[in-house]
Amino acid sequence: MNSKASDFVDTLVTVRYAETDQMGVVYYANYLIWMEVGRAAWCHDRGFHYRDLEAQHNRMMLVAEATCRYKAPARYEDIVLIRTAAGPSSDKVIRFIYEIRNQSNGQLLATGETVHVVTDRDLRPSRLPEQFGKLFLPPSAD
Amino acid sequence: MNSKASDFVDTLVTVRYAETDQMGVVYYANYLIWMEVGRAAWCHDRGFHYRDLEAQHNRMMLVAEATCRYKAPARYEDIVLIRTAAGPSSDKVIRFIYEIRNQSNGQLLATGETVHVVTDRDLRPSRLPEQFGKLFLPPSAD
Amino acid sequence: MNSKASDFVDTLVTVRYAETDQMGVVYYANYLIWMEVGRAAWCHDRGFHYRDLEAQHNRMMLVAEATCRYKAPARYEDIVLIRTAAGPSSDKVIRFIYEIRNQSNGQLLATGETVHVVTDRDLRPSRLPEQFGKLFLPPSAD
Amino acid sequence: MNSKASDFVDTLVTVRYAETDQMGVVYYANYLIWMEVGRAAWCHDRGFHYRDLEAQHNRMMLVAEATCRYKAPARYEDIVLIRTAAGPSSDKVIRFIYEIRNQSNGQLLATGETVHVVTDRDLRPSRLPEQFGKLFLPPSAD
């Protein structure tokens, strides 16, 4: 996977108390929620809302695989930078990659990837509507 | 509200690490999730699954109000007893009351109430199907 | 309780997919998480971070009671306005009140209150440090 | 990785409404919470509580990596079987593998792995106390 830095779409979250655990750091499953926040930001940057893909086009992106590598802990009230880029995708299978950083000092907190299968609203395999398919190619590709 | 002890339906949960926060105790919003677990147990005890009310009868119980009073903290791996009883209800508005206790020593952790409005699947006000309405009366009522 | 509109501190959240449930709306316990986000914003507005109250002053605000009245559902990708004001408080017991609205059309989604007991880090009753106590009085009080 | 079926420790969870999302299935991050429930069950089976490792031995298992492959969706009130086994581990790095199945029909819902680094309570790299280290070897190893 060779996404360039310029392919990343950035968004911020502030760590909620609810997201911490008794270890005093963010509980590991919450990074997958942050990846979802990153995907929504990526869609906005490409000019659409994910909810419209569901509501208007009857397509869903069912998660088929998710991986997260935790590099450093995030703590309550940290401002966290979520960087999201599309990985190799088709109109049937979509991949995203993520970098999660502490916004104030740039420290890398986690990296991850998700793979999604395009389905209809009954969770049957489907394809992206044509106008969406091209959005998942890197904007700089020739 | 004068539910008798015998009206309560009991179920157990074990506190998950995910449910704790950096204070070292269970985060307060999770008690509302436990109340939901209690409601499901109450429905089972009355002979039906809440999911069937939705899937087969197209009725939902939209939460209109929830209150929780926290008496003592719950901690990771505590076994928690959720006691649920129906409060004054009709076929349009349903009330539940809850007692949440530490199972090992009986200590009261929280009390609470929820109020629910019966809706159809488009969230419009509706009524419970007739066979369900009577289930929400205390079993011992004459 | 007679907080004036000017006493409210406002902050925004965007509804996450994780916060929805199969009813297609935000699950009710998540409003308590949003109230926590509102409290953090309120603290910032008063000039401190809640985490510093814990880390530097060894005080915690343990939740003693929470109530939420749900007026209209919130949906995925809605931008939600959380309005938070201090209610009648002392250096031992702190109260907050909340209004939760849809930012785009102003619709009231929920109202709520929380009561907090000031404790030390071992969850024993305590008092706010003096410099914090006065922050919980309405700014306009004479 | 060649864990035998007999190495798996099984535990059950019932899907909570809170765990579903507007797609009508369990939100993907919740599988990582179920893996945590599986790890706690595995520890019980080996004769200890994970909380005691923290409270009495000042060791934590910080998650370093987590992967989940989603095979079929789980739905509200499904009874889910979480099967957990130790993977290749040392006193510094611990691995678990998981199978998540629908209990009623045996359908495979997900597989996954987690890697954990043993730390002290300040999250500095550490080692398991000696009596715990051997527990992470497969019970059938000669």
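The first chain written gets the first letter, and so on, giving A, B, C and D; residue counts start at 1 in each chain.
Here, a contact is a pair of C-beta atoms (placed from the backbone, for glycine too) under 8 Å apart; a residue touches a chain by one contact, two chains touch by 3 or more.
Nothing here was measured: the structure is a model prediction, and the numbers come from that model.
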Weigh A-B against B-C on C-beta contact pairs and write down the one with more. B-C
Could you tell me which chain lies farthest from subunit B when each chain's centre is the average position of its Cα atoms? A
Whole-Å distance, subunit B centre to subunit C centre, using C-alpha means? 24
Can you compute the centre-to-centre distance for subunit B and subunit D, using the mean CA position of each chain? Integer Å is fine. 28
Rounded Å distance, subunit A centre to subunit B centre (Cα mean): 34
Residue ranges of subunit C touching at least 2 other chains are 17-18, 22-23, 25, 29, 33, 36, 76
With touch defined as at the start, can you tell me which subunit A residues reach subunit B in the complex? 17-18, 20-25, 27, 29, 76
Show which residues of subunit A lie in contact with subunit C when the two form their complex. 14, 16-18, 33, 36-37, 40, 49-51, 75-77
Going by the contact rule set out above, which residues of subunit B touch subunit C in the complex? 22-23, 25, 28-30, 32-33, 36, 54, 60, 62-70, 73, 123
